[in-house]
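Going in written order, the chains are labelled A, B, C, D and E, and every chain counts its residues from 1.
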Amino acid sequence: MLLEVKNLTAYRDSIPIVRSVSFHVNEGESVAILGANGAGKTTLIESIIGIISEKTGEVRFKGKDITRLNSEEIVKRGISLVPQGREIFSTLSVKDNLLLGAYTRFGRESMASIKETLEEVYGLFPILKEREKQLAGTLSGGEQQMLAIGRALMAKPTLLLLDEPSLGLAPQIRAKIFSSLEELHKKGITLLLVEQNTFYALRITERAYVMETGRLVMEGKSEEIAKDPEVIRAYLGREYREKWER
Amino acid sequence: MRKELKGLVIFFGLIFLFPLLVKSPYYIGVLVFWGIYSIITLGLTILMGYAGQISLGQAGFFAVGAYTSGILTTRFGLPPWLGILAGLGLSLLLSLFLALPSLKLKGHYLAMATLGFGEIVHVVLNAWVGVTGGPSGFGEIPALSFLGWKLDSEMSFFYFTWGWVFLFFLFSLSLLKSPYGRALRSLHAEERIPLSLGVNVYFYKVFAFLWAAFYASFAGSLYAHFMTFLSPSSFTLILSILLVLMIVVGGLGNLWGALLGAGILTFLPEILRTFEDFEMLIYGTFLILVMIFLPKGLVSLRRGKVATGD
Amino acid sequence: LIFGAEYRIGAVFAVTGPASWLGDPEKKTVEMLEEEINSQGGINGIPIRVIVEDTKGDETQTVNAVRKLITRDRVLAIIGPSRSGTTLAVIPIVEKYKVPLVSCAAAEAIVKPVKKWVFKTPQTDRFAVEKIYQYMKKKGIKRIGIITGTTGFGAQGRKHLLALAPKYGIEIVADETYAPQDTDMTPQLLRIKAKNPQAIVNWSIVPGQAIVPRNMKELGMNIPLFQSHGFGNIKYVKAAGEAAEGIIFPAGRLLVADLLPDTHPQKKVLMEYKRKYESRYQEPVSTFGGHAYDAFWLIVNALKAVGPDRAKIRDYIENTKNFVGTGGIFNFSPEDHNGLDIEAFEMLTVKNGKFTLLGD
Amino acid sequence: MLLETKNLTRYFGGVKAVDGVDIEVKEGTIKGIIGPNGAGKTTFFHLLSGHLPPQKGWIKFKGEIINHLPPFERARKGIGRVFQQPSPFENLTLMENILISLDISNSPSLFTSLLRLPSLGKSEKEKEKQAIEILHFLNLEKKLHHFPSSLTHFERRKMEIGRVLALNPSLLLLDEPTAGLSYREKEEIKEIIWELKEKGLTILVVEHDMELITDICEEVVVLNFGKKIAEGSPWEIKNNPLVKEVYLGEEYASGS
Amino acid sequence: MNWQNFLQLVLSGITIGSIYAFIGIGFNIIYNTTSIINFAQGEFVMLGGLILYSFHQSFHIPLIPAILLTLILVTLIGIGMERLTLHPVKNPTVLNMIIITIGCSIFLKGVALSIWGREVYHLPFFFPRPPFRIGGASITTQSLVVWVALIISSAFLYFFYRFTLLGKAMRACSVNPVAARLMGIKVKSLITLSFALAAFLGGLAGVTITPISLMDYQRGSLLALKGFAAAVLGGLGKEFGAILAGMALGITESLVAGYISSGYKDAVSLLILLFILFVRPGGIMGSKEEISLREL
């Protein structure tokens, strides 16, 4: 088990938002968490990576307890996050944003291998290369989202957490991102994906959880969940039905 | 509004009873200064706490109010209330000049611009010897009189000052509880948002500057007639910073905080005076501790009771 | 000590803040004297207590402090404040409450016009200016440049320098000022230099007193430099370094006490104060401490003679004659609440890093 | 025409964000704007709402050129805008957030406010009623006195729509109103937009969700590199090969 | 006035300006990691001067080791200040942090007062020789020392912020601390580091300017005011902004005092400063864009 969450309760302003949640992600797996707005998905992700420190329960990564660690320490152990709302460094250039993504790799790895990752990210999002010198805050919404994803990839994490990565992306790019996530996964990166675009989320993951008002209410293979009538009604649109049927 | 009124009645009731219980002119005198500073902070907290605009030049408007009314009454024999009005007029004019170009500035840049204004006023007070008396200052400013009642004792001045504090508090409260107050509070967000909702951001920023300048200038005139002597050393950047400290220590964006902060920081030096060389150590430590343990200011000690704003 | 069994005297000095170079020696002096009197059994067996309040040189603070001393501590008289501005700010209060106040600040405005309850011990800065001008006249200096700090002290000096020049046939060809935080007065000095004066007068407090001579030296200006009596502390000579050599300034005799002839009436007082202060505080005396010394004894002498009565103390001080203090020999009268004249000053100069009397 | 732009242009250095765009929006219609990321959609909205000055071209609203008007005056004239990034007034409650824009059309004088004359209370009451109506329409009336930080993303989005509705606008600019919402929530937003259209509002909407675009828009404009590359009914657009190539990608390649 | 005087005015303006600039760059360092103005920056300068005085003049340690010791000590004080006051605060607002630095400033002044008293201290020039003469104008050796130290420091900072990842990471801390932590950046440690760096440079400024400006316990804050003006006018966080603006301020002051009026020189130079700010709201080197993206 790469990531194991036991009985996690997490608070915002002393209000419990995530309530005794337990789940796990195996090494090399890709897992989705679905759920309506306000279910507490972001809160769950943020308490795993240590942004939220007001919590009880246990989070284990690679067998070690990381519940009480700071996010910078957790990140060093190989978890990366594409945060909801992008959280880019708006007054730094696009390139600096990406380089900072590889902050933990500096000193450990050669400059060349970092540059290589940079080129990979540019390959994935050519627009970022074009905008290399621009201040990140002046990018368009979708470009910022690409930057946030690219920045997380720069760290070459073992476990990649994605909080609504497709938000604000054009259909073409969205498709591209999901297929590259699939590829990354094939290369061995473990994924934990929070996504409103349930169709894609279920297509590229192996397992999924459904979250409602702070609790995990359903767990299963992604394919099976995709067939669950309740899920279809609540999370999957008409578009999906058309496609799935096709 | 109801809830605040209850607090108001209790607070001002106690204040107005004070001189009758404690007859010491010393304490009454200190309370007069508390009142004078409160008037400034009640205005400044509108500008800083609600409209989110910083000013490190408030001592400048305080000085303009004090000097204008001081000079006009002493040199030209004008009645004090005319002097006060003239001070208010000049302050409003100056703050308009400062506010219009400052609309483009934010944060530290705005702080610098307002600080620059305050310093310019200070330099002029020092250098324009013929009119201001220069660094040596000038004295013998006549006392105020009110409805034929000469305000030359600490006690009478106390009631006069705190009467105004009460009125100014009510004005600020009414402002905040009106559409104007809401609009001012909306300035806290990125400018483009209120703009897109039809809020004339420029008007409200200028308005907040004028409001704060009005209060400061009025307080300055009171100060002049209470002290009866003025010199530039009372109107330095240190005072501007002190005023900001008062509203932050008291609780930013809260009228009670403005009152409380002004009170605490007026009394603290009185208490600490005996410590002399250690005073600075204690004072500095006090500020640090308040900010560490009560980052929202002293008013956060009593939640619930405090209303107005967030 | 039971209440009432002591004589309380208030003191308000700028112990901290920008004018602390005044307030600090003043405070040390009165504390030293208080102890001395009490160790000798007080006044007629009753100890005195000097309540020192720090004003930070700030007027609001001073007003509060004086009100406190008068109405809460009920002091018999007040020594200080240190600065002219703060003194002027408290005059209305002492006049109203009828408490004698002996200020340690120099401005003439404090005692002119005479205020019933207000006295002062420092030599009036006007006399300091006159002393300089007398000397200049003697030396045939007719065209001078003045440079003053924009503090109360500097401004008073400038006022007198400008006003008295015609009386001595002196023309002021350049009139420059600088702010207390300035680090370099070269621009002002250049303007003065361009007017070719025969001498320069610099009227300010530290550190301007040290920076101006240095800048002059850097600019190669070799004309004589006169400074105010505020230069009266050997520390400032050190701060100015070599550039201090040859600076001429008027001062009370405290700084050159050991150089006075034994017959000089002030010699004994001066030497005694100097010895006690320097052995106790391990630092050189300054004239400012001397002002507090004089103020203290004026009040205490009155207290000894007439007892604890504010009005009587005031009357006694007003009629004090031939009081030998550190600042000179005081002769008070209802028309003169300073009691000193121009003879209180000597002209001094710096030679080999030390103060010496300036011969003719 | 309610809104008309001609040759509207805005560059950022070398980036041609909006490049000579002409559009016309008929009163009472819903028009979609789509295009790849960075195509200039948001910038185009900035130009319409006055947050950026155009370098070339003009904007005509209700038959009047409004190029020179500052944003707040355009808002008062009836252009309401919802930003791409949620941006509530964090220090105001939900109710107050709405009241801000109600104040614009109904604000007693300063004098009345400071002296708290009775007319103040009357107008406040009136506005509160209107605000509650709006919140009710948006299904938010339960959270009246909440601060935005405790609302969900969805509620915040709705609140922003409410805030703009309080201006009583004739044109509504919505920038990705359903981004990050779940299917069910999208449906709710869709209902809201439909109802607004019923009420006679004209709406310009930027979206990346083609399903929403097809469902609500009568006409769609496609931007690419700041230029208008296509315009037509959603069905036409979906089958436009150029649009497929630059925007829709393979997902839609097979057509529906 | 003639050419020679003009030259002299410019030279002393540059000396004055380099003092402002030197103090100004210290503000930038802390601003870069925290978005705050460190009101205690002037105290680092003051401590630099006074501690060197004690080491060199009172304990008679030779100049170079005394300077090194001073810088180490001031740096430690900077670290200590951050660790004890700012570090423990959870989620502080910018205003909270600024007020804490005001508290620290007052506290450090209090400490200096109790150690060094109220006296004005002076140090000899590092290279005691007569002033250089250039075209009839003179410039002291100590001014040259200040310039050299200033230029080396700012070249270092330029390199540090432009080309090292650590420098960029520091900037990231102020732009978005949460995201910075998500990159694995130890925000709190970098803030401590920036205080160390700012204290070091403040100390260096104090050490080099004290022979010119003299030093006492409250002179640091007075000078810091001008340093703050230089930092803001130049564009906060811009490596060369403070230098450019500091020089501009110094030369303006000097020329105004030399040609117009010494009494109003501060007013005139402040007016110019205000004017520049109104034309360029992000300072001389600052970009409008960046300002619009930043809260402060």
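Side notes on the structure shown:
In this text, contacts are C-beta pairs under 8 Å (C-beta built on N, C-alpha and C of every residue); 3 or more make two chains touch, one makes a residue touch a chain.
Only a predicted model underlies this, so the values are computations on that prediction, with no experimental measurement involved.
Separation of subunit A from subunit B in touch steps, taking the shortest path, is 2. Any chain bridging subunit B and subunit E, meaning touching each of them, is among C; the list is complete. The chain with its C-alpha centre at the largest distance from the centre of subunit B is A.
The distance from the centre of subunit A to the centre of subunit C, each centre being the mean of the chain's C-alpha atoms, comes to 74 Å.
For the pair subunit D and subunit E, the distance between mean C-alpha positions equals 47 Å. Subunit C and subunit E have Cα centroids lying 36 Å from one another. Averaging Cα coordinates per chain places subunit C and subunit D 73 Å apart.
Across the assembly, subunit B contributes residues 123, 126-127, 277, 279-280 that each touch 2 or more other chains. Residue positions 16, 18, 150, 177, 179 of subunit C are each in touch with at least two other chains. Of all residues in subunit A, those that touch two or more other chains are 138. In this structure, the chains touch in the following pairs: A-D, A-E, B-C, B-D, B-E, C-E. The part of subunit E that touches subunit A in the complex is made up of residues 165, 168-169, 171-172, 175-176, 178-187, 289-290, 293-294.
Looking at the complex, you find that subunit D touches subunit A at residues 12, 15, 34-43, 84-85, 149-150, 152-155, 176, 179-186, 208, 210-211, 246-252, 256. Every residue of subunit E that touches subunit C in the complex is listed here, in rising order: 1, 5, 8-9, 12-13, 15-16, 19, 113, 117-122, 124, 131, 138, 140, 209, 212-214, 216, 218-219, 222-223, 225-226, 253-255, 257-258, 262-263, 265-266. By the touch criterion stated above, subunit C contacts subunit E in their complex at residues 16-18, 20-21, 24, 150, 176-181, 183-184, 186-188, 190-191, 194, 206-207, 210-211, 218-220, 235-236, 238-241.
On the subunit E side of its complex with subunit B, the touching residues are 31, 37, 85, 88-89, 92-93, 95-97, 99-100, 102-111, 113-114, 225, 228-229, 232-233, 236, 261, 263-264, 266-267, 270-271, 273-274, 277-278, 281-283, 291, 294-296.
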